[in-house]
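Heads up, there are several structures right after this.
Two complexes follow with chain A in common, the first pairing it with chain B and the second with chain C.
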Partner chain A sequence: MKVTQGQFSFLPDLTDDQIRQQAQYAIDKGWAVSVEYTDDPHPRNTYWEMWGHPMFDNPDAAAAVFEVNECRKAHGSKYIRVIAFDASPGWESIRMCFIVNRPAQEPGFRLVRQEGEGRVVRYTIESYAVREPEGARYV
Partner chain B sequence: MDDDAPRPETVDLAAAFESSGVRDLLAELDETMIGLGPVKNRIRETAALLLVDQARRQMGLATETPTLHMSFTGNPGTGKTTVAMKMAGLLHRLGYVRKGHLVTVTRDDLVGQYIGHTAPKTKEVLKKAMGGVLFIDEAYYLYRPENERDYGQEAIEILLQVMENNRDDLVVILAGYADRMDRFFDSNPGFRSRIAHHIEFPDYSDAELLRIAERMLTDQNYVFDPAARQAMADYIPARRAQPHFANARSIRNALDRARLRQANRLFTEAKGPLNATDLSTIAEPDIRASRVFRGGLDVDRRPAADAAE
Partner chain C sequence: MNDMNDQTRVTGAKRYAAGVMKYAQMGYWEPDYEPKDTDIIALFRITPQDGVDAIEAAAAVAGESSTATWTVVWTDRLTASEKYRAKAYRVDPVPNSPGEFFAYIAYDLDLFEGGSIANLTASIIGNVFGFKPLKALRLEDMRLPTAYVKTFQGPATGIVVERERLNCYGRPLLGATVKPKLGLSGRNYGRVVYEALKGGLDFTKDDENINSQPFMHWRDRFLYCMEAVNRASAATGEVKGTYLNITAGTMEDMYERAEFAKQLGSIVVMIDLVIGYTAIQSMAKWARANDMILHLHRAGHSTYTRQRSHGVSFRVIAKWMRLAGVDHLHAGTVVGKLEGDPATTKGYYDIFREEFNPMALENGIFFDQDWASLNKMMPVASGGIHAGQMHQLISYLGEDVVLQFGGGTIGHPHGVSAGATANRVALEAMVYARNAGRDIWNEGPDILRDAARTCTPLKQALDTWKDVTFDYTSTDQPDYAPTPEVTA
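Take a look at the complex of A and B:
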């Protein structure tokens, strides 16, 4: 099951050149591009691991693609995303976010039912991948 | 490049020369940089090569981006950094670098202080330079053969790797004194083979330095009076004979000191109101007061040492 979160996630995977163009768009807007990775695909997993620092003063997007490829070398079997942070007052938040690398096998999510007090049933989802410990989820 | 677009049958090099803005840049180079004949020739040749290469690519002839990494060798103050900046502009206009900015670094910016510090630091700098030109001043300091644990070697390895793999993303220019650069290249053969263009910066002649001095003053809205101009002409060979002569940079420093003396002279001597001409004229005593005419640094230091005793 293909995880769809962030921008462009319903499209075919972006090529390096498309990543470069998107990152360049962000840089031209004055946003800081950075690379993050994770092996927990839950949609509420907001804070991924940072791959290096946000690139605040790189004028060209080749650096972002370079870092994506460096990150792929180390964490090629995990999810990698590129985010663009807008530091301007009033925003101070992520303006762009798209997945650039995903595991070969994405097992998808299961529905978890929890019996509560009375006859209440609470529903949540859990990725099949997170049954394994961190680091051993996608090999 | 776009494979679907129809390929042109002929190319008009003159038009490409005109439209890319290279002509303006070369004209500007000729006008603003004094002397440096061989350097200008090399730049013109490089521009021609790149234009032809661009035309070939439009016709589907050339396949690979030419290697554009360069080394600038020459004495201090011969305009290496200034030319590097112009080179970045030139490469940008021709579309060989996407942004055309110049990132100037020395050993300090590339080499870390402890184990594991160098690689991230070097990569950070390289990333900053992507899409532009990376100018490494005094590049030979990267390699210190006397210390085998020196981290410079690590920076060199990363540099070489990126110079090779990301050739489309950045152009690296190494700069430094000729003899030490030669030794650096001898001990790092990887660098020599990755750098196609070696450009030698000659020293300026006395007449050229005088023109440079006048140009510098004009830029700051000052002028020499005729006697001061003669004093400057005498100053240049005298300064050249003394140690630590750094071509145009020495001249700039001399002019800065002359302005200082001029300000002091105006302050102490002026009786009435001063007009614009007084304020912007460098007179003979402002130059002649230089210790260069009295034998250089030593003259000033000796009395100070005597006084201390």
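Take a look at the complex of A and C:
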């Protein structure tokens, strides 16, 4: 399977130059770009690990691509995403988010059904990867 | 008793002599009045009967929508009547529309109960719409003061938090209404939901008239739909939702359905506009209390929004719904099968999504409107749109919108899932190209063709619908062209 979170998961993988273009779009809007990685791509895993702080004062997207590649060196077998954060009033939230790195094999998710009364089913989604402890996933 | 053309106010004891007096003379026409910051202002398009003076007609509207009755009543003198009287203060002829006038009417804030659309509308669109001296009457726009806006909850979730809950940023959301809208069993219905969500959509949707019919009762639909949602979520790693329509005959039934949707883990429920303003506000309150996104389908609105001469403009309905507290509301596509010209639709979208709307006559917005930090509403574009129009949709509507391709997903020659994938690829390719600096308005068809090279479902969609458009003249367009003389 392929985890299709983010803006561009249905497109062919982005090249470094394409990542730079998208990051520059964010920077030109005044948004801070940051890089995050995880080994648990559960749809509600909100807090991926931060690869440094958001680059609030960075005018050049090349620096963002540099950080993506540094993160790949350390966590190349995991999911890595680029995020753009908008601090303007009424938003103060993420405005862009796209995956730029993913494991060679994506095992996907297990759907656990707990049958209750009246045909009600309680659903749990679990990443197969998290059956291994942190640090031992996707290696 | 009075000279037909005399609009001078009558004051003192004469004002309260028993009998009939013109509305303008009673004080409902005040050309020198300067609206207070706390006044609610309504702009009506009035079409007086032949022989009825426009100013008197405007004063009559002010009177009938506030304190007046057909005759003088001495009991006015027991009140601070000066304050409670609505004041028509400006009447302009409508450009290029003989016999029609714009009447500006100011209402003191104390005329209204806070936090109640029902109370607001009972005055503003109450008896006055059947008033005989007018041929037709249309509420075009309203200015809602901050003091009043702040008495409402506003959208239960809002665009920002909705995106955070969905973990989806920087692109329009994608949806589809399950078709055929009537007749599918619960099991078959869930199949469409699963295929569409697995293929790449964020949302599927019940149609407005899917409630609890013999072919599919509501519990059955909810159970099969949630199986589909969770299966699709596990298959893609994305948060998915389906708008479970909880519209029913009584509030008790609606609460029961809403609670069941919550129990099943749905992130969104849906209601129809026809349930009424109070029911909408109740469900918005419930949605806020239960972390639920609230989708509103504007079923019925065209009966009073579509014709220019009579009714209520959709921009006013949009303002009321932002106050009432829904998260999603249909607002037109410009390019699809349903009514909506580009300039007017932009006005609606701005009302949904902006913190502040400056006056923009060319978009039909007559007043500055500050939304006082009420959440933003997510507009929904649906009705006769397909992947081949993606560049136009994003150019017109931006990225904070749910694009709903019903037929454009389910009618795909290779199935529902292929249709969903075609739309998602077209969407991502177009957002990507826009961000990369391409001129998507002009290069859109090329961008789609390029994306279709690596996506067969998109190629099939483009071949099937080519350039299907619905190019009819709109029945509701702005009255003012964007020229400096008019907008200055």
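Methods note: the second predicted complex is superposed on the first by the 133 of 139 C-alpha atoms of A that agree within 3 Å, B and C clash if a C-alpha of one lies under 4 Å from a C-alpha of the other, contacts with A are read in each partner's own complex, and residues count from 1 in each chain.
The working rule: a contact is a pair of C-beta atoms (placed from the backbone, for glycine too) under 8 Å apart; a residue touches a chain by one contact, two chains touch by 3 or more.
This one's a predicted model, so the numbers in the text were calculated from it and none came from an experiment.
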{"item": "Superposition on chain A - do chain B and chain C clash or fit", "value": "fit"}
{"item": "Chain B versus chain C as contact partner of A:55, first or second or both or neither", "value": "first"}
{"item": "Contacts of A:120 with chain B and chain C, given as first, second, both or neither", "value": "second"}
{"item": "Partner chain in contact with A:133 - chain B first, chain C second, else both or neither", "value": "neither"}
{"item": "Touching partner for A:91 - first (chain B), second (chain C), both, neither", "value": "second"}
{"item": "First (chain B), second (chain C), both or neither touched by A:66", "value": "first"}
{"item": "Chain A residues touched - chain C or chain B, whichever exceeds", "value": "C"}
{"item": "Apex chain A: angle to the C-alpha centres of chain B and chain C, given in degrees as a multiple of 10", "value": "100"}
{"item": "Chain B versus chain C - smallest C-alpha distance in the overlay, whole Å", "value": "15"}
{"item": "Set intersection of chain A contacts, chain C complex versus chain B complex", "value": "none"}
{"item": "Chain C contact footprint on chain A (complex, rising order)", "value": "1, 3-5, 7-12, 18, 21-22, 25, 41-44, 46, 83-84, 89-98, 108-111, 119-123, 125"}
{"item": "Touching residues on chain A, where the partner in the complex is chain B", "value": "52, 55, 57-63, 66-67"}
{"item": "Complex contact set, residues of chain B against chain A", "value": "98-99, 101, 120, 126-128, 130-132, 166, 168-170"}
{"item": "Chain A-touching residues of chain C, taken from the complex the two chains share", "value": "160, 163-164, 167-171, 200, 223, 226-227, 230-231, 233-239, 263-265, 355, 373, 376, 421, 424-425, 428-429, 431-432, 435-437, 451, 454-455"}
